[in-house]
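In the two complexes below, chain A is the common chain; its partner is chain B in one and chain C in the other.
Now for the complex of A and B:
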């Protein structure tokens, strides 16, 4: 009788084990997804192909800049979020193809494509080892996506088995300025 | 049913099956992954061949020779512009034409600079380059030259000013990997 119970117990245990494996085994996309590199605001994070440090966050309702010899002004129904950051390639030349503003609610906003030609825009020029770039990432986000956001930086839009720096930005960056001129911004 | 009822031959077969299981698993793993392993082997730069100054070395269907590496300009922001000239003699056109070409400058600490996509203006302003169009490495490979052709190849680099004289050209081609070439500088 006890042998029958032991067999039944082994069967139940095996079934539980299989069910657990089926439920909790990560999927292929998860296994081969980005390798997160988490850090704080103002901290230099050194990933596989680049290092990044976010130093300042500014908010604005309008942005003004000079591009291709013309004065340009952009406004938004939400708010422009500017992250002043420093990027450096290590150990080889690399292009940073992705900067994302992830809100506390999990919404992801890619860097705005409305600022082509603006000065000191990060992610446009290739990075070279030993030649760090200091500049800005610009995002256009709803006002409710500002607080508690995270900056995600990676070499490609969908990094696979590669570094994705995740920097926790200040919980409350302050009130948006009516207008910021990118040519007069203090980057250093 | 008692254990005594099992025939001795069946027990032997069970043991053989048990021993064969790891072999079958290893074989399955090999059959499933050998193409990936081969791809990894062909894509990695694993074995460097040092090329003494002034000599040519064979790689990816061609004979490669360093013709010159010099600084052609320095910018106010601490960047130096360097010009690399190479010569290639085509031996096997089919292998030679396989893209892409990886021609970089490497420092002793492992840092690597890729060539600029657009030729730096300092290079275009050189008197000996006026009116000339010298192909980059990828352009030379893509031109599908014939056997015996000698190609002049040129690449421009932007790197920190202090690294002048501390970098060496490194050439890696798909048809040559996992081997690649590291060129010694004269002097």
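Now for the complex of A and C:
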């Protein structure tokens, strides 16, 4: 009789163990995911392939710029968040293919594709070692996604076993300006 | 001697039965599945114009369909006298990440002869081609299909809206994602003919 109980107990234990492993073993995507490089606002983070420093965050309701000889004005249902940053390729040339505004709630906003041709847009040109670039990342986010956000910078949108710089942005970036002209922005 | 032989027989029979039952069960389940798939597809719920519908990662509301001579929301009439079908819709990204897979939301079903299968999605706010939608920021979008020259303009357009389900861990990489796209609603919209604005 006690043998049957022991068998049953072993079975239940094995089932629990398997269920636990299925639930809590990190998945392939997690194991081979980005390697986070966490840092503060204004600090230079040196990862594999590039270094990044975020210096300033600005909010705007409208953005104005000149692209391909035409004046363009963009408005939004949320707010534009601009991050002025400095990027440098570390040992070799690299293209920074991904900048993401991660809100405090966890939503990921990829840099807006509505600004093609805008001046000093980061992430579009290839970086060369020894030639740092200063410019902006432009995000379009709802107002509730502004506070407590994190800037994620990486060579690709879903880095695999590669650096992802994670910069905690200022919790309260201030009130949005009615309009910002990207041509007149102070980048330095 | 006989007892042990009988015990061996019992063992063999029971193991064969187990294997047989398992095989039959698997066969029954797969046959049932293919039977279910072969059955007539259920009638899709009707979607009225202007009513928002949650279709997986998108919230979509269809508005009016117009027959127009403009190939883009703000442009002049197309030079070769081509005709276009323009559909206004409100689109919101319900997922937690910027996304550009909106082209899979809508399908013209049944297909209309002479209608170009891949329409262009325009962001009305920018009068530019829509490249991605940010989560939580709904936008007015115009979808424009080109009609082949000489093709008869349809009187109504039946659109099927596809939905997807979210899986926190997929089967291959254990990564979150949207899967199992399937039609969840259908809308039949009248095609209104409009003159191009001068």
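FYI, the second predicted complex is superposed on the first by the 164 of 188 C-alpha atoms of A that agree within 3 Å, B and C clash if a C-alpha of one lies under 4 Å from a C-alpha of the other, contacts with A are read in each partner's own complex, and residues count from 1 in each chain.
Note that a contact is a pair of C-beta atoms (placed from the backbone, for glycine too) under 8 Å apart; a residue touches a chain by one contact, two chains touch by 3 or more.
What you see is a predicted model; the values in this text were computed from it and never measured.
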With everything superposed onto chain A, say whether chain B and chain C fit together or clash. fit
The answer to whether chain B or chain C touches more of chain A is C
Per the contact definition in the header, classify A:179: touching chain B only (first), chain C only (second), both, or neither. neither
Does chain B (first) or chain C (second) touch A:145, or do both, or does neither? second
What is the contact status of A:171 with respect to chain B (first) and chain C (second): first, second, both, or neither? neither
Applying the touch criterion given at the start, work out whether A:28 contacts chain B, chain C, both or neither, answering first, second, both or neither. second
Once chain A of both complexes is superposed, is A:108 in touch with chain B (first), chain C (second), both, or neither? second
In the overlaid three-chain picture, which partner chain does A:12 touch, first (chain B) or second (chain C), both, or neither? neither
Name the contact category of A:130: first (chain B only), second (chain C only), both, or neither. first
In whole Å, what is the nearest CA distance you get between chain B and chain C after the fit? 18
Residue ranges of chain A in contact with chain B within the complex: 90-93, 126, 128-131
Contacts from chain A onto chain C in the complex sit at residues 26-30, 74-78, 106-110, 112-114, 140-142, 144-145
Which residues, counting only chain B, touch chain A once they are in their complex? 78-79, 104, 107, 109-114, 117, 158-160, 163
In the complex formed with chain A, which residues of chain C make contact? 96-98, 123, 125-126, 128, 131-132, 134-139, 169, 172-175
